[in-house]
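Common to both upcoming complexes is subunit A, partnered first by subunit B, then by subunit C.
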Partner chain A sequence: MKTTLNSLTLAAGMVLLFSLAGATGVRAAETATNDLPLPFPLIDRFENFQIKDGLPTHKAHCVLRASDGKLWVGTYNGALVREDGKFRRIGVEDGLSHKMVLCMVEDKRTGDMWIGTMRGLNRYSAGHITTYLQTTSGLPNNVIYGLDIMDDTLWVATAAGLGSLNLKTGEWAIYDQSNTVMHEPWVYAVKGAKDRIFVGVWGGGILEYELSNKIFKEHRDPDRDFHYELVHDAGPVSDITSWIAWEDDILWQGTYFGMSRYDGSRWRTWQEKKSPLISNFVNFIWPHGRVAWVGTDRGISVTDGNTWATYRTNEKGEGIVEIARPGRPVETRTMSTKLPNDFVLGIWVDDQEAWFATSDGLSHAIFAAPPKPTKVADAK
Partner chain B sequence: MKKRVLVILLVLTGLAGVALWLRQNYWTDHMLRMSHQKNLAKVTCFNCHLVSTDRLRWAQPRPHHDAPAGLAVSPDGKKIYIALDDRDEVAEADTASRQVLRRAKVAGRPFGLALDAAGKNLFVTCRDGDRLAVLDTQTLSETGSVPVGMAPVAVAFCRTAAGDRLVVANSMSDDISVLSVSPLQELGRPSAGRDPFAVAITPDGTRAFIANRLVSLATGHTIPASEITEIDPMTARTARRETLDSAHQSEGICAVPSRPWMLAPLVKVRNLVPITQVANGWVMSSGLAVTDIKTGNVIQMPLDEANNYFADPSGIVVDPAGRRAFVASGGGDVVTVVDLERLAGWLEKADPAAKREAVYDMSLAPEYVTARIPTERNPKQLALSPDGGTLFVAERLADSILVVDAKSVAAQGRIVLGDGGLNDPIRRGEKVFTKAGFTFQNQFSCRSCHPDGHVDGLSYDFDTSGIGDNLLDNRSLMGVAGTEPFKWNGKNPTLEVQCGPRFARVLMRTDPIPQKELLDLTTYIKSLPPHRVATRSADGTLTPSQERGKAIFFATKTPGGQEIPHERRCSTCHRPPLYSVRLSFDVGTGGMFDTPHLLGVAASAPYLHDGRAQSLEELWTIYNPNDQHGVSSYMNKIQLNDLVDYLKTL
Partner chain C sequence: MKKLFLVLTGLLVLAPAGWCAYEEKEDTTPSTNFIAEPVLPPGTRPAQKSEGDYPFYGGNYPFYGNVPEEMLPYRNIEPYYRYWLTRLPFYGPGRDYPAPPDLKTLRVGLLSPPPYGPEAVRGEMSKKGVMLAIEEANAARLPGELPFELIEKADSPQWGSAANIAIEFADTNALAFIGTIDGDATHVALRTVLKTEMFMVNCSDPDPSLTETQIPWLLRDFPDNRQQGYLLARLMVEERGLTKIVVFRGNSRPGRMGVRPFVDAVRRLGHPVLQEINFKDGDRTFDTQVAVIKQANPEAVVFWGNPAETGPAAAQLRAAGVKAAFYGFDRLVDPDFVKLAGPAVAEGTTAAYPFDPEKTDPSWTNFVARFQKRYGMKPDIYAGYAYDGAQMLIDAIKKAGPNRYRIQDQMRAINEYNGVCGYMRFDGRSDNIAPIVYAEYRQGCWHYFPPPKAKPPQTAAK
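And now, the complex of A and B:
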């Protein structure tokens, strides 16, 4: 009995000890987590621009900073250029082929901006707009979802195939189901990658086109199931490609059923609930180095594939950031500012700042100063 | 003997009977069936058969001449370099003795010239070679070459913070090549307007201005506008695009040293107004675009006088002090001298409305035009000695360089390059073609609407009934030999009729061109070969897309196996080798219109009789709803692009 009592006392003591130790361990872990360096900068605050701030509409579709430093925004109602702290609108009355701007890419050699709309492609060159329509040029289709420029070729992702325009000869080429392995006509994104281009096809996965050999290779969801990922890390998470991006030899795929990463030989896939990805509904991915900024319908995630930070609005309407590190609990911080809307359609990021196009305005993210490195003297 | 004659007569009678029978029973039916004409009065076997381009005038060898194109004067003023594009040569002449010292062969039709700052290297644009060549001025031999865009016609040298640069205007590819000098390589190729033709650099070297000859494509009733393109020569980035409303044909551009101005001659065009009035500018007049290089604002000033016009303004130079500008009038055979101080004085006093309306005031030019220097035929390019004391005028169709004392504007003599080609009917015809003296008050020449024999890209209102009611697309004269009849209604059976008395009454409003000159003129027009196109390979091989397009062009069945009716096949009306059977058809555009040939068709936008189609694609995507202009409704976009790719090789 005594032994039993002693055992119970010992057990209770152990439980208490472990409880205390555990509690102390969480606090210790939190402290340690806060100090751990992250593979990406954290956002300190958001500066938002909405209709009251001069935007012509709620919805911003895309954003980029041009090489001359000007910020360009594609909206539901024209393109915007931010100059001297003010937005200048470029609309149909200025020659734009349609008010709904879906994508943009800059030809950095000439400074020309190519603007994709719901009805036609536009070249904005030193204030003048030249329009390309499917009826007036070799453009495959008027609905332009994505654009990219590689050397002398403009690649155009359209609702009826991929188009390429040779910027020196003016020659168009079209790639669709009739002359490639493309299974569906809806090309949502195109991205140049050194000696090849990647083509995101809605319902058709990803096509990889080797420019020198003129060979198309197809990357399809290995389980061919839209909703479920039955086979992990073996190919695109889904064939419903909504966006693709490429940088530093890494291809990123956004779908409405998760996101994927491809380094040329291995795939990784993420879906909500199985990973820190906030939502399967991925609208846009902006890679910066080996880090991807992911725009979803529920906020923004930034990740290197292992560590994640997600910016969203919580149930109380507060802006929060959730930091998830491998093997550690999620750390949640409340922010003083938040995104104007968690439905994020476009992203532009560099080392200094980030811009987000959302369905209720534009947001400028200011990064927090990186944590000061531990002083050598302190370490001693 | 009688028997033999009788047999021969019987045979001949039999043959005539067979011929008659064939005509009654086969040929008539064949011609009706194949020509799709209700009336065979204008149809012969030769519409479809026995047609060859080999015997056409433009396919024959022609004499070459010492026509001066670009000019460049050495920094010490002792030498002048002259591009002789028709000879594939560059000449060097002594400015004091006015003698040609030596000539160098430069392949590819050397046209535009520029010297580097030290005068050691001469940069030459080769218009048919699509390249820029470098000549060592010591040896006058080629030391380098680099490919540029299509048909480079002008080059300017400048110094930038990033090194020496060359800016080249590529007239046929509508772009600008920006090159570094050392190493000689292309840094970028920003797009220009349409037909970029002249380049000038600001005195500080930070901006290059490019004048474009043709208006940008727009719908027929849109007020036409050409462009002055502004780029940064250091980075090759586009800086600004200024429009010249209702103006085109700028072939020269020049900076003004003492003022923030860039000057470009222009043709003020009134194509949307019915050609019924003959005064106050009429169809077109000459002017000068004054561009503020800081703001980009452009003011157009007239160069003509109320009752005397100086057509086809071309080259321009400004003296080093920025006091006077010299503008060549290729059609008027004069160089106009503009006092820039007086011009500036007028501009300072004028209110915005007066500046806006200035170009329409035909009495204004005497305010600042101080002299008209007479020249030999067709003055084009100009050059000034570095001290501004001597003006050199390239008299293109006289094969000479007029040397003028710039201060007194008195002619000092000529550098004679050739004999002017008096014994060559083609050359004589070109002189008629470029001469404004055949029109009322010297307002314009044939060339004014057909630069280099091609198109100005405009549709003109030829109707008296109302503004813009009867726009007719201007058709290229290049490759027209053998494609008679002419006019969109196909009423003129020959070029002699086309350019004859009725034309004089309707358009020129003067006496007809005398018969001898008229024959020379038509000889010249017939000598114009089809326009060169970028996508036609030298050896005639086609790309896969062009091959597929060719199959569509000659298709008798759709890919689905459906027979295409004979009258709706491309090759029925556009039959090789001219790609026209020279008959009129209704293609659903509002009547019967002559079938244009398709040689060089890629370069002759807009299309259809009233210029409603801005691109080849529009012919089928917009203006062929009922498959009357060929069966195209079965085509997907790739097939249409293939067809267009093939057409662009013709």
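And now, the complex of A and C:
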């Protein structure tokens, strides 16, 4: 009898608890979700720059703000530096090895800008350009898809292998099918990560290279089938890596089949329609803290892996942001401005602002003021 | 420095074909967490939803690779996610961009294989097919219409050379380009077109993975090793009851990737290959491999490589007393195979093949006549597919005008095409998945046969 009474009390308590929880959930759902904190800033508006605003071409491939505060843009027709509110173009006539600039990285110790093009690598130093070609240096191939600098080493992802240039000695090393585990040296991206580098290989997944031990490790799509993602969260979403990014111990993989995230022990994968990711066609990922800013062919998705915001153009031609929080309906807001084009190729973000390189111009994102702290947050 | 550059360039030119080419190595990485696909009993029906049921296909649209039901990967599991249920469009801008200023010709690039490499002969026939299409198109242009101009550039055996050439096409304002045969070079060039936004038509690379990268700037009209592998699997296992099969393939990307659909297909039919044995491109003696194959005593040996290697290998297998039937993909029909193997050894050899080159339909026979008139020789399949690919591109340029983005739209909208090579059908990857044939070498010549039909399943779905 005592046992029965205790069981009844427990059951009644649980009913009351669930009722309260349910009521809270309903209230929260009924309340406008605008003020709920997000793990990343929301964009309030876009300021766009296109040909009419001084860009030399439609297509911008990459963008970054250098440590001196200058904005650099890689375009289909040269590199741009924004100074005094105007774009200054650096082209072939200035010594650049090719007009199509695909990637850039700054050596923050020297202020040198390394510029990867469709034909050769360039170092822009104090206004002077030095060019590196596969026929005149240790560069593996002239087509350069990605760059990164770690300590004294410049890493170069090329169409025919990964190159490394020792910035102190000028010595090159090439990593390809002959001295690594990659079957084909079709390298698309490279990213330094503390004591190792990650290499995005076209058709070869991701290579992890431990610098101290000189050991290569492969991360491959577990089902080995391009037709399917057999099971999700099991490994890289595809072996065809289009981009990789790393920050705060989180590796992000972009592919044309969705996106993956690896925290050192667990993989997560996302595809369009099965998740809030706007498109499987991921061109670029910029990590900021534990948040990924994802450039796709249909807009930008921002996520920490749980909460998402997606910026795109709707069927009416309006700019919208769609906010997807776990367990809540997607909230759609119409924006007063929109991206110049939803085909996003490059991103740069810090705590203050974001820049987007798109197929039809450059966009500067102004963040919305963060929502006022809630009482719960105050209590903390 | 200039002298050094010239010396290095000279060395590259003099280097033998394949000098820098891919060579396979042992996979020593234990880090991968691959899912092992189970070998299901023969006749096991798929538990997956048929892709023909998906709305896009409407029951008619060709699905990914036209994979036979009994050869579907992981067919006892419904996958979490499927790709290529729709053909990916290019979502970027450009359709309204003006034509390049002072346009005097409509430029089309042709990326040919190295003229001194193993693909040289096929490359030359492809080039002839493309040139004929361009010449005929120009002859039919009306006054005031811009002529087509072919810009040909030959690849070199240096890794990544094709990427540099693809950029040169963009630099010269080519509207699109055609090429190439070698799987490595084609992949390398393909990766650049995503950046240059220039359409690429492939008419001769059999690499099954070429169209599986989701780059929406590619169409291939050549029936690839996937289609050829499925046909061989059905013919050998289902129709002829062969179950003890050995694969003898090139130690190269074409060998490794090309044979994969066949190896997967026969495993899914319940009969995994006994052995997959490699040879190096350039090898001429195969003592070790022959001894291993003889020990296995297979019913069939499937060759996946070029005739320079497979011809002598076939002869050495027979000389060692291996009685297995010989099979392979279309490269076995290359005259060099019979020449190097010898007619007696080649007797009974069976190869998957895109179509019957002895066919008598007017489209093909007229093309053969025009080709012979122009070049004084009969066309082969490579000339035919190159002609058809160029013709599709010419039609697209005519409709779209000199705008790369509208040309892309036109090319990716092609679902079916009737060319000189016959009927073509393009799947969600813009890959030709029309039925192909097989050839048998009997009494001094190749005879062509329609593909085997699917056998009814042995067990009902539960």
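Going forward, the second predicted complex is superposed on the first by the 342 of 380 C-alpha atoms of A that agree within 3 Å, B and C clash if a C-alpha of one lies under 4 Å from a C-alpha of the other, contacts with A are read in each partner's own complex, and residues count from 1 in each chain.
Criterion: a contact is a pair of C-beta atoms (placed from the backbone, for glycine too) under 8 Å apart; a residue touches a chain by one contact, two chains touch by 3 or more.
Note that the structure is predicted; figures quoted are calculated from it, not measured.
Looking at the superposition, the partner that touches the larger set of subunit A residues, subunit B or subunit C, turns out to be C. When the two complexes are overlaid on their common chain A, residue A:I174 makes contact with subunit B while staying clear of subunit C.
In the superposition on chain A, A:P287 contacts neither subunit B nor subunit C. Within the superposed three-chain model, A:G200 lies out of touch with both subunit B and subunit C [touch as defined at top]. In the overlay built on the shared chain, the residue A:E229 is in contact with subunit C alone; subunit B does not reach it. Applying the stated contact rule after C-alpha superposition, one finds that A:G138 touches subunit B and leaves subunit C untouched. In the superposed model, A:L102 lies in contact with subunit C only, and not with subunit B. Of the two partner chains placed around the shared chain by superposition, neither subunit B nor subunit C is touched by A:P41. Applying the stated contact rule after C-alpha superposition, one finds that A:A160 touches each of subunit B and subunit C.
In the superposition on chain A, A:G295 makes contact with neither subunit B nor subunit C.
The intersection of subunit A residues touching subunit B with those touching subunit C, taken from the two complexes, comprises 134-136, 140-141, 160-161, 176. Chain contact summary for the complex, subunit A toward subunit C: residues 58, 61, 98, 100, 102, 118-119, 134-136, 140-143, 145, 158-161, 176-177, 181, 183-186, 188, 202-203, 216-220, 222-232, 234-235, 240, 256-258, 271, 274, 279-281, 297-298, 341-343, 359-360. Within the complex formed with subunit A, the residues of subunit C that make contact are 1, 5, 8-9, 22-25, 27-29, 31-35, 64-65, 67, 73-74, 77, 79-84, 88, 90-94, 97, 159-160, 163-164, 167, 170, 184, 187-188, 191-192, 195-196, 209, 212-215, 253, 256. Taken together, the subunit B residues at the contact with subunit A in this complex read 149, 173, 175, 188-191, 227, 229-230, 236-241, 243, 534-535, 545, 614-615, 617-618, 621-622, 636-638, 640-641, 644-645.
Residue ranges of subunit A in contact with subunit B, taken from their complex: 109-112, 123, 125-128, 134-138, 140-141, 160-161, 167-174, 176, 178-179.
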